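First the structure, then my questions, so here it is.
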């Protein structure tokens, strides 16, 4: 292949990898931005200050930060994964659309948490459980996409070493287990479930920050 | 044409194919993401649980999934079609803007279905009929775009074999007939009309998944 | 300049033409899509059908189509103009941001028209006048951008022939006069003002459709 | 590096500079467009005209223009900065995501100002202080990103001359001081704080406009 060829090569399904990434990036950019439109100016009740009314909305801010971190991490991992992809087939397209569908859902349970966390009791438990469940299914969708892409050498530039694939699958397994645990915990101590989401996002962020520009490889 | 020329060649109307695709992708990414902002935290009535209130919103989830699948399929087909396009003329631009206009409408009838499906009776019938009608007109817009692009060899890299064009037009005809049938059915059994939309999306998904990376052609 | 140089050449202000176009396209794609979120499922009053409630929203549909056509035309003209641009300077960046600001405003007067047109009287007149005024100022912003870009040869690939620039400025002048007329007419016959907007969009569409792929020039 | 290599070189974290810019541009385009959806058709009270109701919304228009100018300036500076970036490391990705998070927040305090400025008293002071504080933290995020990128030569094409970096840091310091001053002033004279934001945006705009296409450098 001529390295000066301007666009990526078309694939059987007529969708290039570039287009798939651009579309996915568009959806992710919109979802991560829409999280903030849940933040609305509060109603200020008679005899209360705007400052206290804003403060009372803290579950909304917490939910915003948690969801922003989760989607930011998904974006980072999505790109890291597609860096390895060479061609796109039909199943990959569908698995990617499936993943995007769950991602676009995330603002909904985020809003449910923002609205019901402070009530405590059943609403708080249900809200956090639904939030955790959507993140769990999103992680399942990501795992499915990863598994399909790496299941043989057709779709990638070079299949990663077997040990790396196994290690990645173990990491995915641990991630899924953590989200599953969060669903269960939500019914007992909702805040503990949210803490798991915070820790998992922070772990990925820390992991990400450990990459340095010096190991950029052959460019 | 020099393969090292950096951007796509400008056309008479001053819009390159790349720009047209990027703009269309942007609109499609936004529309598919906006579908989810119809999903709102439910009002929980005195003595009811949040869980049951969330469950009661199932028509919203169903409408979301159906509309997401339809727009996902439109995105796949839009790209498959533009893969063949070489230059863009004025009529193509207008036919594409017309298609985008109907696509941006889709969240509106989706919200109407989500709000009125459970009421049954006239509201459910009307809601599903309007949803089906917007999908029907969208399909008409897509067919018009396809017909213009393939009506002679000016706009495409290579005109597909006559048999393929005929086969595609038959498929479009069947698709239009299915959407038309759904409009009619909506007035009798709204759920059956929705089932037609689910089946049609699943058909396209299955069809799509049958493409394999091995037939990627010369890249 | 080496034609194989991968990205567009950076300019003094550090913004390439490609980025400016991508950002403008993003804003235009979002604005044109947001027009449709003004379309909401109607409240159905006791004893009325959903069908009649949907029908009663016709001013919303009319406003949507008019605004979609106007923004579609702006997108077409924006690209046609930037096709000629070679480098970007600071004033061009500011004039483009100014244009984008007025464009992002368009959904607001569109919603005002949708809500108040049927009331007639002062609300209808004011709504249509505000809609016309925002389109007028948008056209002023576009004219300013065009005038700056073509005022000498620094920014463009090749200055268009003097006669073309004069012809374009006359067309802009006629356009501005039409929008100005619409503002005035809005205070007398609001529907006549809307008709001017419909005619102007149709004129541009017709004008656009007259370009053919055969005069694509040297590519 | 071969100048004909089509995409930017991948980095360790699997995210190219192009992708990072495209994602950031997407988020900025959406945020700047969402500012306008705060502008809603006003409720017209019995005996009042639509014109006066629209006029009474002037704090919304003021907040829209101020926020649009701030985000426009951020976009200009973001691109000017990334023009110098050669490779992307993990910390840069996180610092950029942090900046984007604060930027996506901006429509929220903008809406708070729009809703509470006219009330005067505590609500106006708090609203403007929160608006100023979010802009302050955004500026901190931008400064952190700039400082990381220019702290040694690994990430950039060429480290700017030391004097330029020092000058830029002084400018950032003055900017932060101005935003900090605005937070303080908000508690005394809210309108003076808004004036500072207007002046700072105008300063950047004027500064930007001073770049001319003639010093575009070697392209």
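All chains are identified by letter, namely A, B, C and D, in their written order; residue positions are counted from 1 within each chain.
Everything that follows uses one rule, which is that a residue touches a chain if its C-beta (ideal position, glycine included) is under 8 Å from a C-beta of that chain, and two chains touch if they have at least 3 such contacts.
This is a predicted model, so every value here is computed, not measured.
Trainee: Looking only at residue numbers at the subunit A/subunit D interface, is the share used by both copies over half or under half? Answer same or different.
Mentor: different
Trainee: From the centre of subunit C, which chain's CA centre is farthest?
Mentor: A
Trainee: Any idea how many Å lie between the Cα centroids of subunit A and subunit C?
Mentor: The mean C-alpha positions of subunit A and subunit C differ by 35 Å.
Trainee: Express in whole angstrom the distance between the two chain centres, defined as the mean CA positions of subunit C and subunit D.
Mentor: That gives a centre separation of 25 Å.
Trainee: Quick check: what residues of subunit B touch more than one other chain, meaning two or more?
Mentor: Residues 4-6, 22, 26, 30, 34, 37 of subunit B touch two or more partner chains.
Trainee: For the complex, which residues does subunit B have touching subunit C?
Mentor: Counting only subunit B, the residues touching subunit C are 1-2, 4-6, 9-15, 19, 22-23, 26-27, 30-31, 34, 37, 87-91, 93-94, 97, 100-101, 104-105, 107-108, 111-112, 114-116, 122-123, 126-127, 130, 154-155.
Trainee: Give the list of subunit A residues in touch with subunit D in this complex.
Mentor: Residues of subunit A touching subunit D: 3-6, 21-22, 25-26, 28-30, 32-37, 39-41, 44, 49-51, 54, 64-65, 68, 72, 75-76, 79-81, 83-84, 205, 208-217, 219.
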